[in-house]
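The structures considered in this document are given below.
First chain A sits with chain B, and in the next complex the same chain sits with chain C.
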Partner chain A sequence: MSDFVFATAQYESGDWDSAPLLPANIIDTIARYTSIDVAPTGVIVPLSSPALFRYPLVYLTGHLPVRFTSGERDNLRAYAERGGLLFVDDHNHDVDGTFHKTATEELTRVYGALHPVPNTHPLYRTFFHFDDGPPTTSHELNGWGDNLVHKTLSGVERQGRLTLLYSNKDYSSEWNYHPDNKRFLSVDNTKFAVNLVVYALTR
Partner chain B sequence: MLLLAVALWRAIREQPAGAETRRARASALARTLDDATRGDRIGALDVAVDAMPSPVERDWLAALRRAGVAVRWSGAVPTLALTAERVREPAAPLRLLLAADTGAVSLSDSAGTLDTLRASAGGVMLEAPEVVGAVRARQGSFAATAAPPSPTDRRAVLVLGRASWESRFVLAALSEAGWEVRARLPAAPGVAVTDPGLLPIDTARYDAVVLLDSTAADLAPAIARFVAAGGGVVAAGSATTLETLRAVVPARAGVRRPGRILLDGDSTTRADLPLRPLTSLRADAIALERQSAGIAAAARRAGSGRALSVGYDESWRWRMLGGASGPAAHRAWWSRTVGLVASDRDVARHDGSGDAAPTAALVSTLGPPAPPAARATTGDGDPLPLALLIALAVALLAEIASRRFRGAR
Partner chain C sequence: MTARERVVALRRTLTAVLLVRAGAFGAAAVLAGVVVARALALPWPFAALPALAGAVVALTLGARVRPARSLERVALWVEERHPALRYALVTAATRGSLHDAIERQALQEPWWDEERRRLVRALAVPLTALAAAFLLALWHPVLLTRGTASTRDATRSGPTGASEGVDPLASIRVVVTPPAYAGRAVTTSDDPTSVDALVGSSILVSGVGDAARVAATLDSARRGVAPRDGRWSTSVVMPSRPSLLRLRSVAGRERLVVLAPIVDAAPVVTLLLPARDTVVRAAGGSLLLRAALRDDIGLRDAAFEIIVSSGQEENFTYRSATLARAALGGRQEGGLEVRLALDSLGLKPGDVLQMRAVAHDANTVTGPGLGSSETRALRVARAGEYDSVSVDPAPPGEPEGQVLSQRMLVTLTEALDKRRPGLARRTLISESQRIAADQARLRKRVGDVVFQRIGGEPLSEESTFGTPVGKLTPEELLARAQAATKSSAGETMDAEGDETPILAVNKPLLEAFNAMWDAGRALELGETRQALPPMRRALAAIERARQAERIYLRGRPSAVVVDVAHARLAGKDKGIASQREPRPVVDLAQRRRAGSFARATALLARDPDAAADTLLVMRVGALEDAPALAAVLDDAARTIRRGDAGAIALAWTRVRRALGGVPIARGSLPAWSGAP
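Take a look at the complex of A and B:
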């Protein structure tokens, strides 16, 4: 069995599958840069399912309002207590958008208050070095969303480890392309995903 | 007449030293011991053990015996022995091991009662977070006392494995249990997530090394030296097959057997984990855990250190899929496993305050129990002279009477 399986969270409300090409692209990136034994295909895991606990790193995204069911909330609480890391990305990259407002509200109910993750966090040095914190995406200033460059990510730590990482940088758009198209990029814009996965696997 | 004279002389002569047999109860022994030591009339001492003599009293009795006093003891003394040792983990709880008969045994420290236990199969174990002063096990009027060793600071644990969920959750388990953990986790050729100041691997810096796979091959010679010098190693999976560690590890992991982790279950236990049953168990190794598929954990002493092989694969699933108690159980198991091999740094107390195995010490010092003498005697405890005197006196009187009755003059 592979050490790492990329898992996308499926939740009852909203459009959880808004970045369908992202998993394959990140799997390609992990295989390209690391020796991590990564499964060639990702999985979709319902947030309310016990299967969630099989995947200690889960990616969640969407554009639409998020309302977790009680089963999803309970599962996420247990997931955090056991050491799972949930990576949530605002596909709208809009701090005034419905996803951000509802998702952060829901996440706060489960995890407690979110705090900025300092740009000196080990997350930014664990494989590649991102001295300025989270890499800027080409979508943050594309005229949609809040048109801001978000300087930091947010998150919640337990016992010195991230259990929730929240992004308004719209990595869901930035990484949502077929991996073959990486060859057209002068700088691979998915490198930060390597840090995210390596951090989850080592910290 | 000659015999009568001898017997008379022996009967009336001055009493020799230690001529008296004294009986005493162990609960009030001090006066008798003092008399036997200072006086010169006690030749034998029968001690009825109704309470455990103190170590000083046992030694005193042994000294009297060596000085010529016939010391015997009798009584129904229960089996009682108590050991207090520190669990080699950061919290360093106290493990109390009690050997006792089937009756209830009360455990207490200087602050009060800890618990009341009943031994099964001759023994029982209790873990206490901390105790005040010495620990006493009491059964009726008999007691054993153990002085716990002082806790000492533990060194770090070094975890070596590839970037994987197993590495991540073993790190989490050990650090949550209070261990200072350092790690080297390769994520790509030439790239590893490494804590600074990792090397050298020696007993001054580390209590134990945990090898989760074969990525530590380059450090295996250093680890073998570390174990020989008193360090501990836990080897799991392919780490057990490293050639350099072959002389150290107690067994090698075999072919992987799939676990019984259910898709929709949240009740995984250690027995459900994938297992690589341990094979090639060395003659001096001890199997610590068995599952239906085979041996899951084994340990041995290696040089001055300890080595432990683990056959469980992907123990992280136990934590994530083991229900609400999964994280605590996973954490406790890994901490205990590392503690089994961690360097023994506890400082035992040798201040003489303990009396850990009084029954054994009593038998060792004074021999097995013996029935007391029938009655007090004189003449070195030998009843013959007095009896002989009486017999001869009776014979003489009979002779005189006979002569009188016969009219003889």
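Take a look at the complex of A and C:
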């Protein structure tokens, strides 16, 4: 039995499977840098399923409008109360895009208002140190989306612990490649994922 | 009148006077005790004490009547006061008028008038005491009335001596005025332990007494207490979270009132049409949208929202619109319907139209509450995805062909069965076996359709399911199908129910698969008559499969198995993600509540009011996340206030059960692992 299984959230609306290679890439990163007993494949977990509670970190992304069903909403609320961390990434990296608008609306209904996560947050120091906050992605200024470099991530904390982390930085595009291609990068751009996993497992 | 007759008359008078004295003193004692108990606002067990004391006094004094029943003792009592009688009266009273000398001597002294006057005078003290006690009892309500009247001036002149004796928290009254939008009536309740009202309701708490002698706090915020209509009163607005209103008198008494907010629920919106997501080749014509709306208080308006998203990869554009907005005027239920012209939207291949209904309620205090339905999507397929997405509304091709083939085999078998009496056995067997071979081929095609659909290998002589593939029980077939499905990566998708959607759709085909096996065996033996029923069952099953609900599946992302050991430069891994156990629920609140309940239990014997207060404080926290517990806590607090010992035990048990949570039911014993 592995200590950590990377879980991708499946929801009824939108394209939840828009970054199919990301889980494998993150698993590879976890295996490279840590001794966490990580499962070699990720799993897809429906947001409305009780199976959601098996995973301390769940990743959610998409391009299209997000409308949670009432079952998904209730399950997600229970997931937050039990201490799970939902990492949501806007695959459009567009604050004017429909994913951002609809996803933040739905998340606000479940978690309450989102607030900027300060760049001094422990999330940025749990494993690797990111003194300037969330690492910039090469997709933020690629001419699509809002073409902005987002300085902070947003989130919701409960009892001093992040239960929701929301990103407009498009890590879904940045990390969506086969792990074998990591050898062509001079600097591994997936290190921040290690912090996410370690934070979810230890806080 | 003889001496004896006078003694008899005196005895009657004496008895009457003694009884009147006893009654008067007893009644005076009762009245005095009641006055004291009311002045000190003692609870009813103490108020019963004066009645008991009065009864004791009356009985004690009344017991003196007993000696007066003896004529001799009455005569001796007179002789004691008049020694000059020299026992003549006793003799005359007990033995009658034996001698005139004795009679004369007994009547010589005018003792009867003197004793009767003395007896009447003896009534003065008890009757005066009774009158005084009666006046005191009458005077006490006057004191209360004066105290009430004086509260008007209390804030100016300070507490008066008379009102200091009144407990301002002895009785409280709560008037709840719901917010105007709810259109509900004002309610009044006396001495409630908790107030359940809509958020934003105006709550007026009042009581008899001086406003300066009462302090009120809502949670930790101090609330003003003011005189109003001869009573003290404080008003609060029902907060959105459960709160505790604490009332304290200067005498140290405290009363708690739980404010339990009733939150106006958001409208419930159900999108009735379209019933499911759809993929179309070309978006034309019109689409009927229909929604049902419901709210607990009242609906304000409702509308349909649509979003059209176009584009792919990095380039997406969106259009949104609101349709058929309707005012609902505070109705609790309603419907919404509109016909959407798809041509007007100009949908192109790849566009996605998302639709939902939204409704606002009439809440003007914390709202308006917004309710939305599930979202349905209508997608226009791209030309390039016809090979992977089922677009046409026509039924699948394979079952269609199988229906024709099976129907043909049934017809052939029926014809052969008719010719059977005139055929030689060898010819019959030969023709029947030809049909059996066709039946076997058709059965294999059905099997291929089922197992290829669910991700397994096609059935063949080299099938990995083992050979030969004979008739399987439905359980075996389903087990194989499940196994085939589970061999793919997304295991968690199968964890939701007993069977996958694919399996549900393919069940009729699995049934046909089995029936064909029966038919084939009978045909091999030339038993055409026995072969026909299973053949017809197979035909019916295939037709059911044709009519089964069609489902469209997303493409499953490619499953990349990371070689973890390779990444760590060591060994190999099997590449199967294990199921994880859920995290234990962190429930500090449960532990806190258990501690509070233990304290309340300890308090119950020596201070029931404090125990009730503890339960009410617990209820404030429970209202947010444990409504069942909150209900039994309120019930227990009320029961304690009533003081019913039997009901308290029952209420206590209910609280304990509600605190314990739901018992864990296990379906079976866990698998043996060698560990205890």
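Assume the second predicted complex is superposed on the first by the 203 of 203 C-alpha atoms of A that agree within 3 Å, B and C clash if a C-alpha of one lies under 4 Å from a C-alpha of the other, contacts with A are read in each partner's own complex, and residues count from 1 in each chain.
One rule holds in what follows: a residue touches a chain if its C-beta (ideal position, glycine included) is under 8 Å from a C-beta of that chain, and two chains touch if they have at least 3 such contacts.
Keep in mind it's a predicted model, so treat the numbers as computed, not measured.
> After aligning the two structures on chain A, examine chain B and chain C and state clash or fit.
Once chain A is superposed (C-alpha atoms), there is a clash between chain B and chain C.
> May I ask you to decide whether A:R203 touches chain B, chain C, both, or neither, giving the answer as first, second, both or neither?
first
> For A:P118 in the superposed arrangement: first (chain B), second (chain C), both or neither?
neither
> Applying the document's definition of touch, where does A:F127 land relative to chain B and chain C: first, second, both, or neither?
After superposing on A, A:F127 lies in contact with chain B but is clear of chain C.
> Determine, under the contact definition given at the top, whether A:R54 touches first (chain B), second (chain C), both, or neither.
So A:R54 meets both chain B and chain C here.
> Who touches more of chain A, chain B or chain C?
Answer, by number of touched residues of chain A: C.
> Is A:G83 in contact with chain B, with chain C, with both, or with neither (first, second, both, neither)?
After superposition on chain A, A:G83 lies in contact with both partners, chain B and chain C.
> Is A:W144 in contact with chain B, with chain C, with both, or with neither (first, second, both, neither)?
Touch status of A:W144: second partner only.
> Chain B: which of 62-70, 134-142 or 314-322 bumps into chain C?
Comparing the options 62-70, 134-142 or 314-322, the clashing one for chain B against chain C is 314-322.
> If you lay the two complexes on top of each other, which residues of chain A touch chain B in one and chain C in the other?
Chain A residues touching both partners: 1, 49-51, 53-54, 56, 82-84.
> Going by the contact rule set out above, which residues of chain A touch chain B in the complex?
Touching chain B from chain A are residues 1, 3-4, 33-37, 49-51, 53-54, 56, 78, 81-84, 126-127, 159-161, 198, 200-203.
> How about chain C: which of its residues touch chain A in the complex?
307, 309, 314-316, 318, 352, 354, 356, 372, 374-375, 377, 489-493, 495-496, 554-564, 567-568, 573-583, 585-586
> Along chain A, where are the residues that touch chain C in the complex?
Residue positions touching the partner: 1-2, 5, 10, 12-13, 17, 20-21, 23-24, 27-28, 31-32, 38-46, 49-51, 53-56, 63-65, 67, 69-70, 82-84, 92, 97-98, 102, 142, 144-145, 178-179.
> Which chain B residues qualify as touching chain A in the complex?
Contact set of chain B toward chain A: 162-169, 171-172, 175-176, 183, 185-189, 191, 193, 263-266, 314, 316-317, 319-321, 324, 326-327.
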